[in-house]
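Across the two complexes that follow, chain A remains constant while its partner is chain B and subsequently chain C.
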Partner chain A sequence: MTQTIGAAHPEPPTIDQLGRLSFRQRRFTKSRQSQRIAAVWMVTPAAALMLVFIIIPIVLTFVLAFTNAKLISPTGPRFVGFDNFARLFGDPIFWKSLRNTLLFAVFVVPIQAGLALVLALLINVKIRGVNFFRTVYFLPVVTSMVVVSLLWKFLYQPDGLINNFLAVFGIDGPDWLGNPNTAMISILIMSVWQGVGFHMVIWLSGLQTIPQDMYEAGAIDGANNWQRFRYLTWPALRQTRTFILITITIQAFALFTQIQVMTEGGPLDSTSTIVFQAVRTGFDLQQTGYASALSLVFFILVLVVSLVQRFLTRDKDVKK
Partner chain B sequence: MALPTRKRLAAASVAVALAFSLAACGKGASSSSDAQTDASGTTTLKMWTHNAGNDTELAAINQVVADYNASQSNYKVEVQAFPQDSYNTSVTAAAASKSLPCILDVDGPNVPNWAWAGYLAPLDGLDERIAQFLPSVVGSFDGKNYAVGYYDVALIMQARTSALQENGIRIPTIDQPWTEDEFAAALAAIKASGKYENTLDLQTGNTGEWWPYAYSPMLQSFGGDLINRDGYTSADGVLNGPAAVQWATWFRSLATDGYMPLKSGADPAQDFLNGKTAILYNGSWGAEPARASAIADDVSFLPAVNLGQGAKIGGGSWQWAVSSGCPSTEGALDYMKFALQDKYVAAVSKATGTIPATDAAAAMVPGYEPGGDNDIFRQYSKEFALIRPATPGYPFIATTFTKTAQDILNGADPQEALNQAVADIDANQQSNNNFQ
Partner chain C sequence: MSQTLTPVADPAAPPAPRGPGAGRTVLRYLVRFLLVLVFALPLLFMLVSSFKPDTQIFGDLGSIDAFLPVGEVSLANYTAVFERVPFWRFMMNSILLSVLTVGLGLFVNSMCAFALARLRFRGQGLILGVILATLIVPFETLALPLLWWVNLLPYFDGSTGWLDTYEVQFIPFIANAFSIYLFYQYFDSIPRELDEAAKVDGAGWFTIYRKVIMPLSGPAVATVAILTFLPSWNQYLWPLMAVQTESLRPVMVGIDYFSQLTTNWGQIMAYASLITVPVLVLFIAFQRSFINSIASSGVKG
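Take a look at the complex of A and B:
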């Protein structure tokens, strides 16, 4: 793949070479130069947006985390060193939020990735009407998370659809979002339901890149369905797996919308997450500096986890 | 082939550069665009309001502005309406970029915060007029008036009259509200009758400012408060003292004793009108829908409960202010003076179904004249209203109180939760040098 691109776009000629070029060739070079300018112009909007909305805020976060900046204040921010971090590590809500975030990630990653793979295998068949199922599974993904959260908030109400359904079987359902023991599980189930379709599509794209002749060879060797999956499909999905693992993990760590809409961190902090706490601290409590420190910790957490995952998956590459 | 491409690129470059410089011009000009004077000598004053989602209130405000613009030719006020949810954020962002409008509205408890931060200018020369308004609608800080509102609302106990009569419960009056014991007995009797799914509904499903607005008066009625109002330096002793713990225990018991749901339904007012609830803790805004409903003859609008230190209700709603960055403060104050006339106070409160803030305006709004149907709400406001602590630290206090009260309702240890709230609030006041 990379080779083809290289062939179509060879290295630019040096000045020496340019001198020796014929008129035709020089004209060709000029047009290539303008192509480059065009490329710069095409990159600029995206690069400018990235700079303004991602890179500058990240740099600001790093700086503000060491100040006592307030959202509304007549005096400017003052440098306070590691005060925010000292306060952070003594804050019981931070530890609860960290625990909730990690627990959520630990459960949501295997459940969502596994379920998505099962769905992908189910719809990776050539039968009539398979497109219908693909659409159905994908529908929650294209629905806004806020809308999904509001809908599920109604479903989870003590006299909502879910409890009414359970009542048919004589089960007295709990107050899903109002009980500290069930609130996080409720959010987890709903998040998996919403996100599973997206990762199903990624799995599906991985499945469809597996060459058919591999399966034909397997069939000749007499592989049964399980062996076919275990020794052909699973190893062939290695790169897709890495991608899915990392994207779900990062999404899980960034858990916020559902919390904001459905529980606001309650009851008794059982659904408070780091991002939720950062937003609440920064806007409701107006403590920009402290919220930046929280975000910085979150940034480092995600970075470390991603690096560890990269390292683990790369390690396997070497072994093979 | 190459030349035209480069020409096009050059043209694109110029166009983009032009766009950028235009944008820069626009930005540079915007700092003064909130008060621009045109050729005929008319200065345009920008005005922001939170009520984009409230058609009747916005229409009333637009009418005031239209009348003002027609009344003179020196100034022209231009209204820009925001949805309430994003209003405060917009103001904060505008203040950061020094592009606040000349006139803006502000939620009462936020006035000290914004005045301290330098967003607002004192309403010089209007003190005499402001003195005629209900004290709860005036936003002041450091001895100066910064904002004033057209209306207030009163918190009430909206009850089914039949539920009280059938169970032999005394109908409370403004001079003699229910006591804590009477209230407890009333709840027990109504619950025992088994006619209502919820004996009481305090609207605990509401979010945001409702919690401090609705429940801190109960805390105050027990004898506690959000912060010690003498100097506003500490909440110690008032938010975690015996009275506050008593309040917290009582608050939680309402749910554990089965009188009210832990979390109210999606529409508590509708639940009341549908006969699910016997007593609803509500604002006076609920009166009009209740009178228009099928149970109109069976609803009483009762005063808040006296939980020890007299009945208390929250005071202060949205108010109008002038920004400090306004280049034409005289113009903004001129508008304020015009807009504070009784007929406009009457018009806005009529449109919103709220309590008019002056006596003269009250006489003009049907129902609020002395002895009228709604006069009782105005009396509740005069008698019971206590404004939320006038300290710039209020937004922090409000958020902390909300979380603490929610935790207590969900079963957190009252003393522990309140101690944590006091520690947080005190730390925030101190880190801001007590907003001195």
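Take a look at the complex of A and C:
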């Protein structure tokens, strides 16, 4: 993919002994010039928009984190050094939010990735109705997280559908969202329900790149289903696996909508997260500088996961 | 990108001689069907409840009636939604914002990707590198600095600050690194002889982009359209912060606001159904494109 990018630019046209450009060279120069002009027109709209709305804000995250910037303020931001971070690290709600965010990620990543793989294996077979199953498992993915959160807030009511269902089996269900011990678990279950179909499709596209004859060879060797999965399917899914683990982890770190709609961080801050706190401080309290420091912590989490994952997969490439 | 996701491999099934018995077939379907219930029943419950008064919704919770349109079924909840909030205004806002984000995004991003993939110019590698580097930065990282920043930008009427406008809801999302990346990959796979042939016929670069390359890029356009439509329709965090005026709100902020106005679950379910069912119908109608788009987003790794 990158082969054309770094390619050396052709030499500028040389002038022949007669002091004129040859026909070929002239055509070449004209083509180079027209390419340059066309490129400027074509790249500028996207590049300018990205500069203003993505690149400058990224830089601002790093800059504002060291200032006392306020969202609406008559005076400009002032450099305050590490004050925001000192306040952050001294704030028990920050540590609780960080802990909640990390715990959520630690549990949601294996659960969602694992269930998605199970679903993908279930629909990667030649049986009638596979299309129907795939479509239904995917329905929550095209449903907005705001709608899903409101719907499940209703399902999770102490006298709601879920507890009525549990009562059929004689189980006395908890006050799911009202109890600090179950609130995060409730949000986790719902998040998996909403997102698992997405990763099912990613696994499925990975499964379908595995050549059929590999399985035929496996069958001749007398491999059973588990052996075939363990020694053929699983190693072949390495790239897909990396992608899925990274995307779920980053999504988990960014946990916000569910919290905002369902619990607003409660009860007793048991569901407060990093991004939720960033919005709380940066928008509700208008403390942009402090919120930028929180955003920076979030970004570092994302960066560390991406780099660790990249490092691990590089390493395996070398060993192989 | 153009791969279809019909099953080709069958790792779970035993080889031919030992075909599945009747019991095994029943088990296979039972597992898959139970999962259908897990994913479909909550959505069915949402839709069915939207037609019932709250007393009946709660009365039906203990039985299968919770999923059936039985008893006192009416459109009263829907009428109440339309009376209490300017629902159609929210809906028009969301449709307009999605169409603008997707439409302008397709144009701007494909054009940029075309230049990066098929032209040669100074700074090309740097621009592509910077665009790809921004892919690892989630929107949540820059949302709050962006909020502060757009408030300082000059606005079109000469004043300062973009907060509380239509523009702030879609202009920041037109240029999209991932869309550029998908287009770039696709354009890179189209043979360059086509450009040469068109040039011999006297076509300029813009004509080649519009008349030669774009008509060949249907699958990439569909993928980018779908992958940018869903997030714009579902926009929540950004408009929640950037827009205060009721008449500018999109549907997702609207339902959050509506749910705080009422304690009537039937009405919330009615609003939820109104903004969910159209997307579900679109998905079912174009499911192959939807699924393939999501699958091709996996190439990112």
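One rule holds in what follows: the second predicted complex is superposed on the first by the 270 of 320 C-alpha atoms of A that agree within 3 Å, B and C clash if a C-alpha of one lies under 4 Å from a C-alpha of the other, contacts with A are read in each partner's own complex, and residues count from 1 in each chain.
Quick note on the criterion: a residue touches a chain if its C-beta (ideal position, glycine included) is under 8 Å from a C-beta of that chain, and two chains touch if they have at least 3 such contacts.
In this text, all values refer to a predicted model and were calculated from it rather than measured experimentally.
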item: First, second, both or neither for A:L161, with chain B first and chain C second; value: second
item: First, second, both or neither for A:A38, with chain B first and chain C second; value: both
item: Winner by number of chain A residues touched, once chain B and chain C are compared; value: C
item: Partner chain in contact with A:P57 - chain B first, chain C second, else both or neither; value: second
item: First, second, both or neither for A:L285, with chain B first and chain C second; value: first
item: Which of chain B and chain C A:I72 touches, first, second, both or neither; value: both
item: Chain B versus chain C as contact partner of A:V146, first or second or both or neither; value: second
item: First, second, both or neither for A:I250, with chain B first and chain C second; value: second
item: First, second, both or neither for A:D175, with chain B first and chain C second; value: first
item: Set intersection of chain A contacts, chain C complex versus chain B complex; value: 31, 34, 38, 41, 71-72, 154, 283
item: Chain B-touching residues of chain A, taken from the complex the two chains share; value: 27, 30-31, 34, 37-38, 41, 68, 70-74, 154, 157-158, 175, 178, 180, 264-269, 280, 283-287
item: Chain A-facing residues of chain C, complex; value: 3, 5, 7-15, 28-29, 31-32, 35-36, 38-40, 42-43, 45-46, 49, 58, 61-62, 66, 108-109, 111-112, 114-117, 119-122, 124-125, 127-131, 134, 136-138, 140-149, 151, 153, 171-175, 177, 180, 185, 188, 199, 204-206, 209, 230, 233-234, 236-237, 240-241, 252, 255-256, 259, 265, 268-269, 272, 275-276, 279-280, 283-284, 287, 290-291, 294-298, 300-301
item: Interface residues, chain A side, partner chain C - complex; value: 1, 4-7, 9-10, 31-32, 34-36, 38-43, 45-47, 49-50, 52-58, 60-61, 64, 69, 71-72, 119, 121-127, 129-130, 132-147, 150-152, 154-155, 159-161, 164, 167, 193, 197-198, 201-202, 204-208, 210, 212, 215, 219, 225, 228-229, 232-233, 239-240, 242-244, 246, 250, 253-254, 256-257, 260-261, 275, 278-279, 282-283, 288, 291-292, 294-296, 298-299, 302-303, 306
item: Sites on chain B touched by chain A in the complex; value: 1-2, 5-6, 9, 12-13, 89, 92, 95, 113-114, 116-119, 207, 261-263, 265-266, 395-396, 399-400, 403, 406-407, 410-412, 428, 431-432
